[in-house]
Structures are given as C-alpha cells and as structure tokens.
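For clarity, chains are labelled A, B and C in written order, and residue numbers in each chain start from 1.
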Amino acid sequence: MRNITVKMVTAYLLTILLLIFLNFLLQRLLPGDAIIAMYSGHEVVMTDELYAELVSRHGLDLPLHEQFLTYLSELAHGDLGYSYICHASTADLIMDALPWTLLLMGTAFLLSAVVGIVLGVESSWRRGRRFDRSLLAFMLLLDGFHSLVIGIIALAIFCWHFGWFPSSGAMTSYLSTGGIGHIRDVIWHLVLPLATLTLSMIPGDYLLIRNSMMLTIREPYVLTARAKGIRERRIKYLHAARNAILPFTTRIGVRLAHLITGMIFIETIFAYPGLGLLTYNAISNRDLPLMQGILTVSVILVLLINIVVDLLYQKIDLRVGYAY
Amino acid sequence: MHIKQFQEFAKDKLGVFGVVLLLLLLMTAILAPIIAPHDPWDYSAQHLQPPSKEHLLGTNDCGYDLFSELLWALRTSIAFGISVAAITCTIGVVLGVSAALIGGMYDMIVMRIADALLAIPTIMVLILIAAYFKPSTTVLVITLSLVMWQTVARGVRAQTLSLKTKLHVKAARNMGAPTIYIMRRHIMPELFPLYAMGFVTKARTAVFMEAGLSFLGIFDPSTKSLGIMMSYAMRYPHFDIWFNWLLPPVFALSLLIISLGLISYAVEGIFDPRLRRNNVTPI
Amino acid sequence: MISVKDVSKSYKDIRVLSDVALTIDEGEILALVGETGSGKTTLAYLIAGTIKPDCGEIIVRGRMVVDINRKEFLKTVGIVYQSPRDSISHRFTVFEAIAEPLHIHGEFDDTSPGRIKDALREVQLPVDEYFLQKYPHELSGGELQRVAIARALILAPDMLIADESTSFLDPSVQAKVLRLLLDLQNERGISMLFVTHDIGVARKVSDRIAVLHDGRIVENAPAHRVIANPEHQYTKQLIGVAKGKTDVVV
C-alpha cells in the first residue's frame, strides 16, 4: 500500500517537473530574442519602455537559475503570466473559460461512462449473439469517426441545415428572462457540444468494459452467483460489472487525454467558450503566454483527477494493497 | 507473425475488411500523383465551382481542384501516420526491451518517465511546441513520437520480462548464446504481435492528431491535409459546398481511421484469445 | 573428469547447497537424486557452468571451470530439459531447433544439414524434409524430447546433463527415451549426469547414485550398493516410496 503511494507520488512529481521544465525552457530556447519572438507580428507596438518592462517582467536580465526560481515562485502564487494580446492576466482568462470546460467535460465524462458501461455489460452478457455483434460493429465504426468529424456533421445538420441549435457560444448575452430561462438557455447551448463529445467517448468506454467483462464473466464467483439463483440483473451489475469496471478506473489518465483532445476540437467547432476555444484563439493569435498557462492548468487538472481516482481505487480494490 | 496467428486473423471478418480498406487507401495514396487529374497547387481554375467532368469535386475558394487536393491530403495523412508509428514503435521497443533486460535504476527511470508521459495531455504539448517553433512536419513527427512511446514500451517490457524466464530462452543461454542472439531469435519474434498492435494503434492516433492539428491551423497552410481542407470548408457554411468540399475529407479521414481501428481490434483478439468474440461459451 | 570441491551456493538468504563434493568419471553415468528443493538442479547447473558457485571450485580435466572460456565450456555440455515443449521455442522448426547450437557457436555451414540429419537418425527420428520443417506443436512429447536430445548432442559434447528429462513423458514413452539416452551414452562413451527425483529410475540407468538432501550429499555410492544398503535414513525413505509404485521397465 505504502509502496504504491510512493510510486504514484514520484510519477506525479516527475510529471509536474517535466511540465515546469518544458515551460521554462520553451521561453528561453526560442531562437533569437525571446521577447521579440513572443510579441512580434501583433498589434503590440514595441517601444523601448515596453521592451524594458517585458525583460524585467520575464526576469530575462537575471542569471538562469534565478530566472527558474522566480518562475517557480510566480507559479506558486498562481501567476501564469500576462497576455499582451488579450490585455488580461492569463490566469483570469483561464478562470473565465474553465467553468464552461468543466461543465462540458465533466458531464460528457459521466454520460459516456454510464452509457459505455451499460452497453458494454449488456453486450458481453449476450456475447456472440446478434445484439452483441451488431453493437460491436457499430461501436467499431463510431470509433472511426474523429471527434472533429462528429462535430462537423452535427454542426452541418442541426445548426446549418435545421437551425435548431446555436452554432456558437455557451449562453445568449443580455438574456432578460433570468432564472429558469437562463438555465434553459445554457442547456440549449450545451446540447450539441455535449452530445458530440459524449458520442466520441462512448466507443472507447464500451470496448474497454466489454473486453474486461468477457474476462470477468468466466470467474468462478459469477458462476457461483448464477448457481445460487441470484437475479440476473443483480449478478450482472453487482457481481460481474463491479470487478470489470476496475480496469476502467486505472485507465483514467488515457481517457482524460482523449477527453481533452476531443474537447479542444469540439469547442473550436461549436465556438464554445471553454479552454479549447481559448487554445484555438491562442494558436490563431500566437499568444504564447496564454498557451503556456493553459498547458499548466490542464496538466494540473489531469494530475488532480488522477490522484483522486488512484486514492479511490485503493479504497475500492483491496487487491492493490497486496498485489504489489 | 506466426503462421497460426495469420490464420487466426484471417478468420476475423472485420479485421480482414479493415486490411482490404487500408490497402485500397494506401494504393490511392501511393498512386495520387498519377490518379490526380490536376496539380493540387495550381490555382488557375475558377474558384468555388460545383462538381463537373473537368473537376470531379469542383474547386475551392482559391481555385484548387478539390479531388486532386483530396488525394494529396490522404497521402499526407498516411505518410504522417506511418512515420509516427514507425518511430514510436522503435523507441518503445528499444526502451521496453532494454528496460526489461537491464533492469535496476535504468528500468526505474524509464518506467517513471513513461508514467509521467501518460498524465500529460499530448495535444497541449504539441500545440505549444508547434506554436513556439513553427516546426517542419518532420520535427512534428518526431515530437509526437517522443510523447507517444510509453504504452508500447510498457507492453514490450512486460512481455520481455515474462519471456526472459521461459525455458527455451534459458536453454539458449545455457548453450552459450550472447544477449544479442537471444534478442534476435527468441525475444523479437515473440514481440511481433505487440509490435503490430502498437504500430496500428499509433498510426491511428497519429492520423487523428494530424487531422486535428492541421484543422487548428498548426501546420503550414500550403500543405495538403484533410484537416486543413475541413477547416477551410467550414468557413463557408452558407454556400452549398458541404457535400463536395467538406464531406469528402470527412469521409476519407473516417475510412482511414475505421480501417486502422478494425485491424487493431482484430490483432487484440489474437493476442488474448479469451476476448475472441465469435466463440460462444454457454453459461 | 569433473570434480566438485566444497561448493556452496545461496540465493539471497536461502542456502541451496552447502559444502558439496562430487566427482564424475569419464564415461560414467551419475544419478543425482533428490526431491524438489533439494538443490539438485542448482548442482547440475553449477556443473554445466551456467551459474557460478559462491565458494568452492569445480574442476574439469584439471582446469578450473572459472578459468575456461565460458562459451567454449558450454559447448562441451549438452543439456536435456524436463519439458521439451518449454525448452524448444514454438517458433522453431525441427531443423532450426537442432541447428541452434551450431548457429550460436558459429559452426553452421554447408555440412550442417548432413550433421543434423545424422543427429536425427541417432535419436531414431525421420530425416525427410517434411519432418525437418515440422513445428513443435505438430510433434508428440516423445518425438520432441528426441529432438531436444539431438540438439544437446549436435556439438558432440563431453557430458550430457539430463535434467528430469523423462518425468514429463508418458510411462511407455519414458522407457523408450531412457533407453535411447543409455544407448547414446554407451555409443559415444560420454559422461552423463542424470538428475531425477525417482530413485527407482536412477537405479535402472546409473552406475552411481548421489542423494541430495537439504543441500547436502547424504549418499554417494555405486547404484546397486545404495539400493541394497542405504546408509542414510532419507535414502531409505526414498527407496520405500519408490517400491510402493510400479517401476519403469527398462
């Protein structure tokens, strides 16, 4: 138990170190003058005063190790830099976008997990039969659609053609109804991005659960439960699925990576004002400090979720305690 | 691959379908310079033309022939997928096997880096690096490979560790075989299914990433790419161009990813016969 | 030919062999008898030169094993393992399996196919192309163990180590393989170390029997004397157990 916690913590510390190092190095590795490279080509007028301010702001006049320490202390204070293109602090921009992303990602994560688990369990329970075979073929097909593709098709059909849903934004500005009307407006904007993101996540979840169930179904305790005459649904979800879901939780890192990738594309397509769209805008404007801030925040987010899941996993599965 | 495994694979209809599909796409991509009716960089045609005999899919806003552009874009995607998969697998196999055989501190460091990479959202790193350095496609291929090897390395390492204890490996050692011989004759051939599996899944991810990143505008806009085609087509939502400009790259990309996905699923089934979906055991 | 002097070996904190002394003469068959965990396999591998003792020395024809080039020495020892299914890679054909020692020692040349066929004839297996290209899963356990024997003998070793070589086979096949091993040893006049847990089998095949118990040699005498007059209590037990079951007919 203690061993695995130590392993975990080392892995996460290493990740954070890698990230900080990458961020730090990127700023300094730039060919030519970092400041000019970062701010050239924009509407920023590079005066001597601005240049001097930027140099001291980035601590570029200090020796390298002091620069690194300064960078660390800024990071510790939640200072992620300043976007000269948006004229706002990077942290503020990210904080504005983060709630929408969390809403979108969190809901998609839960929805796809529930749908994936139920379909995976039912499919494996009827394995080899028509229901299973056609569902499997369908999922393999769906898995072949890039989240971009699903998003574009949904956008073309429901926004452009039918005009049922808004093609951008997360809510209508200056909406006067308030209260319930406001909530309905938010949901209305959320439907398409959420549906496409969920749809792009389901095949992965389904295939994972189905495979894992195929192995669990043959375990003696499932057979025993059947022999004891316990009700079918109880065996399926209480006995078999509970164990089949374990590998699901350990792959949380991979799933999150998928989710984040999908999120960036889908927010871009539907112009949903979360971290993904912010990233896209940062790319279009070459807003480097903003990009670095987004990377830092998203990695920290992923790590936090990983830590929580790992701790939960140890609680659920006592086997981990002595299997290592 | 071992003969038996080939036969196993041939039994999987979906897998065979995937292989056929992939071969067709591959042929198209290789023959693109011959099949393409126009030079995809030639913008002399009239712009935004509907499909005609002259231009099978019509032309885009700059007067490029869309059909020729599509063929070249498919070529880019496949080349990108293959190169990333090859480099990623090579890194993964070398690190995985050496970690298993050398062990100790080296093994620990490699595996901790693999863990760390697992938690970093690859796409963010790529976007950041692409934005800073405006790298060439080659550099992007290498960068992507450098952050994707961890799953291959893990699988290879685990398999090598278990192979190391096999009696036929010990027997060869007892005959005086050097490590290189053991790697070549006893370990590498056994790893082939893993290598195939890794190659297909990584190629799939790479194709996925290439389309996505070019859609976001990270590649040089003059490159022919499915993602770039889609992103340009998206700028004209109110013209009736979606079926001849937007759908073809969407369709081509999906076919490519589907074929790779089917193959990887079939290979996985060979790997773990317990997952074989056609064998129905009564319970 | 080979003498083992006061050899000890431990794995981590567990002592497997303590102060073992043993000799094998030229052309002699020595049976090493002991139960699982007695250290008999460890002792066999020490003699084969594949592991090193913690202390003590192993001398072959007057030279210390540690002084002989390892690869050269391994050439002079052939090992036949317990399970041929595990000791031969399932990816090798019969031909490739027997050719493996030749490849490892860089001796594979134009004469090799002939040598391999000779070796197959010696172990009484077919030598046609069809058989040479068969894979292990197409052969029976007995056939495969013969292939393993041919592999062990292809480099014309001075000593053959049979590590429980017959215990995985069916009783009827067991007898045939045992007889084959004896014939080969007799024809070639090489020494043989026969490792087994079955003192009944040991009596049938060997000139001399050494009994290992808890990492020590408790008995070391000509086979007939060990069976007729066991000195150690443990040997008596082993003989008692062996008598209780049907003997292998040789």
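Operating definition for what follows: a contact is a pair of C-beta atoms (placed from the backbone, for glycine too) under 8 Å apart; a residue touches a chain by one contact, two chains touch by 3 or more.
Keep in mind that this is a model prediction, so the values were computed, not measured.
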item: Chain nearest the overall Cα centroid; value: B
item: Chain of greatest Cα-centre distance to chain B; value: C
item: Centre-to-centre distance between chain C and chain B (centres being mean Cα positions), rounded to whole Å; value: 49
item: Separation of chain A from chain C, taking each centre as the mean of its C-alpha atoms, in whole Å; value: 60
item: Interchain centroid distance [CA atoms averaged], chain A/chain B, Å; value: 22
item: Residues within chain A bordering two or more other chains; value: none
item: Residue numbers on chain A that touch chain B, as the complex places them; value: 7, 10-12, 14-15, 18-19, 22, 26, 29-31, 127-129, 132-133, 136-137, 140-141, 143-149, 152-153, 156, 160, 167, 207, 211, 214-215, 217-218, 223, 226, 253-254, 256-257, 260-261, 264-265, 268-269, 279-280, 282-284, 286, 288, 291-292, 294-295, 298-299, 302-303, 306
item: List of chain B residues in touch with chain A within their complex; value: 14, 112-113, 115-125, 127-129, 131-133, 208-209, 211-212, 215-218, 227, 230, 234, 237-238, 242, 246, 250, 253-255, 257-259, 261-262, 265, 268, 274-275, 277-281, 283
item: List of chain B residues in touch with chain C within their complex; value: 2, 166-168, 171-178, 181, 185-186, 189-190
item: Contacting residues of chain C [partner chain B, same complex]; value: 45, 48, 50, 70-71, 74-75, 79, 81, 83, 86-89, 91, 100-101, 103-105
